[in-house]
Amino acid sequence: MSTANWTDDQPIVSLKDVHKSFGDFEVLKGISFDVKKGEVVCIIGPSGSGKSTLIRCINALTEINSGSIKVEGIEVNDPNLDKLELRKRVGMVFQQYNLFPHRTAIQNVMMAPVQVLKQPKQEVEERAYALMKKVRLDGKEHSYPGELSGGQQQRVAIARSLAMNPQVMLFDEVTAALDPETVKEVLATIKDLAQDGMTCMLVTHEMGFAKEVADHMYFTDQGVIVEDGPPAEFFANPRDERTQKFLGQII
Amino acid sequence: MDIFYNWFRELYEATGINLPIFYNTFDRERFFSGLMMTIYLSAVSLIASVVIGVVGAWLQGSKLVWTRRIVQVYIQFFRNTPPLVQMYFFYFGLSALLPTFENEYGFQQPILGAFAWACISLSFFAGAFNVEIFRSGIEAVPETTREAAESLGYSRLGAYIHVILPLAFRVCLPALNNNLVNLVKTTTLAYAIAVPELLYVSGQIWSDYANVPEMMTVLLLIYVGLVGILVMSMNRWERAMRLPGYGT
Amino acid sequence: MFKKFLTSTVMGVAALGVGASIAAADVLEDVEDRGTLIAGVKADYPPFGYRDSGGDIVGLEIDLAEDIAERLDVDIELVPVVASNRMEFLEQGKVDVLIATMTNTDERAKVVDFVEPGHYASGTNILAPKKAGFTEWSDLEGKPVCGVQGAFYNRRTQQDYGAELIAFKGTSEAYTALQQGRCLAFVYDDAALLGQLENEEWSEFEMPLETIDESPWGIAVAKGEDNFREMLEEVVIDWHGSGTILELEDEYGINNTPYAKRMHEEYKSE
C-alpha cells in the first residue's frame, strides 16, 4: 500500500482511464481526472451518463473493469484492497439517505466509529453531539429516522459520514429525493463543509448551488467527460455543443 | 395445599372426573416433570432453531457456491421429511453409527440420549424453516441500506449483525412467530423416542387410570396456555421492536 | 313399530344362536366319528407354538394338543390362528379347541368357554443382558429400563421398584433400544420375552427375575360344549399333577414358572 508515499500536495483522488461495463453496456469509457485536497468538485450530466457509477467506484461500492483509482495513494482497483482503509478516508451520502431505521439519529452517527473503528464510546458520543449541532439538528438526537423529514434525515446521514473523520466526502444526488423546502438546509450543510476545507465530490442537478460552491465542474455524457473547468467559465462559456444543450435545458 | 389436592379427590368421588395429577403424589410429580420437560425442550429447540436460522441465512448469502448448496440441501432435507421420521432416524439410525461410551453400569451406551436427539431434530427441523424466514426478511432490507453500512466500513458480517439482521428480524417476526408456535406443538413428537415430556407422561397416566378425556382436556389446556404465553411474549416483543415511521 | 321389529329380530337371532350351540354340543362325538381333533394353535409364538426349520408347527402347546388327541385316541390336525381371529375359528366350528396362548379374561369368557384351571400363565418379567446380573426386581432401582407405552406394569416398575422407565410406542423400538444400550432391561410380557430369547441375537440376554402380575392362559372350547370342557379340565389337572407342564418347560428351555410349580403342588396328590 502506497499511502505512506502520499503527500497532501498530490491529488487526493486520482482517476486514470477508468472503464466500467454492466454486461454489454459500457457506462464509463475511460475517465481520468484528479481532485486536490480541499477542492470541491461537481459532476453534472444527463441521467444515465455514468456520473453516479463514477462516484460509487471511488469508494469501491462498484468495481471497475480497468484503469486506476487512487485515494490518498490507495489503489481502489486492487483485488487485495483493504476496504476499511479506503472507507475510513471516503465518506458517502446517498440520494435515499439510507439511515439505519432501527437506530436513533445519534446512534446512527455513533454506530460505525464504535463498532467498526472500535473508538471509545464516550469520545464518539461527544463528537456525535457536536456533529448533530454542526448539521443543525441538536435536539433531534433521539429521534428515529422515521420521525424526521427527508432533509433532516439527509443531514443525519452527512453527520454519520463525518463521524468517521473522512478525508473525502462523496455526495450522490443527495437532494434529488427531497422536498424543495428542505433542499436548502441540506445544501447549507454541504456548503459549511466545503468552507471548512473538506474535499467534496458531488453529483448534483442543483446548478445554482454548483456554481456557488464548486472549485471545478465536470460534465459527463455517455461515459466520458465532455468538458470541465472552473464554474465561472464553465457556466458562462460552455465550449461543447452537448454541454450547451444540457445547460440550456436545465437552467 | 392439601385442601386443594383433596378437593380433586372429592371431585373424583362425587363426579367421576378423575384428575390424579392433583391428588396423587406420584402422578403429580411425574406430570409436573413432564411439563418442565416440555418447557425445557421447547426453550432449547426454540433458541437453537433461531440460531440455526440466523447462521443459515447468513451462509445462504455466501459467495461460495458450495456453501449455498449445502445450506440448500439442509433446508430441503429437513423441510421435506416428517419430523417424526427424522427423530426415529436420528435416534435409532444415525446414533447407531456414532461412538458409544461406557456408562456407570459397565455397558456401552450411545453418546447422545433421547433428549439430545429430540433437541437436535426439533432445532434442525424448525431451523430449516427459520433459514427461509430470515432470508425473506433479509431480502426485504433495501440493498441501499446494506451499501450505506458497507460505505461506513462495515464488513459483510458486521453489516449483517448490526444492520441487516435487526431490520430483517422486524420484517419476519410474524412468520417466525408462527414457526415457533409450531415448534412448541411439535415437541410432542419426542414422545416417540421416549422423552418424558407432557404427552408422554399423560399417556402413562391415562393408561393407568383410563381417564383419557380428563387428561386430554388438561393437555389441551396446558398447550393453549404454553402457546399463549409464547405468542403473547412474541407480540410484546414485536411491539417493542416496532419503529416509529418505519414499515407497517 | 321399528323398535318392535328390532326387538323381535334380536330375540330371533338370539334364539337361533342358542339353538345352534345346543345342536353342536356334541363336538366330542364329532371328533370321535371323524377320528381327528382339529386344534387352533399359534404358529408365531415360540416356544409355545411356532414353525420349525422344516415348516412344521411345533411347541409346548402343540405337545399339549397332541396329548389331548392321544387321550381321545384320534389324529391331530393343527390350524394356525392369530389373536384377532382365533375366537371366530372356534365359534364357526372350524376348530374344535383353542390352545393358543390365550389369556383367560372375563370379556373373552362371554364368547367362549375356558377350561379351568389354566394350563399355563404369563406375567411380567424383564429381558436383560446376562452381564447386568439382575436377580431381583429391586435391582432395577435407578436403572434405565425400556418399556412399551400403555403397559399396565409400567407404573409398578417405576413406583415400586424405582426404575427409570423409558417407554416406546412399540416392542420393536424397545428391543432396538435395549440392544443399542439405551436401557439395561426391557420390562414386558414374559411369554413374549421367552420367544425372543430363542433368537441367536439375544444369546447374551436372560429373563432373570421372578415373573409378577401372572394371569392364567386357558384352553377354550365353543360355548356350551360342557362335556368336552369337563373332559379337558381333568386333562389339565392331570398335566399339572403329573408334572407334564414342568417337564415341557424343561424341554423347551424355560425356567420353571411359579404358576406351573404352584399348580403342580396343588394337584400332585390327586
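Letters are used for the chains, namely A, B and C, taken in the order the chains are written, and counting of residues starts over at 1 for each.
The rule we apply is simple: a contact is a pair of C-beta atoms (placed from the backbone, for glycine too) under 8 Å apart; a residue touches a chain by one contact, two chains touch by 3 or more.
Given the structure is predicted, the values throughout are model-derived calculations rather than measurements.
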Shared chain contacts [chain A and chain C, defined touch]: B
Most remote chain, CA-based centroid, reference being chain C: A
A-B compared against B-C, more contacting pairs: A-B
Rounded Å distance between chain A and chain C, as computed from the means of their C-alpha atoms: 91
Chain A and chain B: spacing of chain centres that average the CA atoms, whole Å: 48
Separation of chain B from chain C, taking each centre as the mean of its C-alpha atoms, in whole Å: 45
Touch list for chain B against partner chain A, complex: 142, 144-145, 147-155, 158, 162-163, 166-167, 170, 241, 243-247
In the complex with chain B, residue positions of chain A that touch it: 59, 61, 83-84, 87-88, 90-92, 94, 96, 98-102, 111-112, 115-117, 144-147, 157, 160-161, 164
Chain C contact footprint on chain B (complex, rising order): 26, 30, 92, 95-96, 100, 103, 105-110, 113-114, 191-194, 200, 203-204, 207-208
Complex contact set, residues of chain C against chain B: 129, 131-132, 143, 146, 149-152, 154-155, 158-159, 166-169, 173, 176-177, 180-182, 184
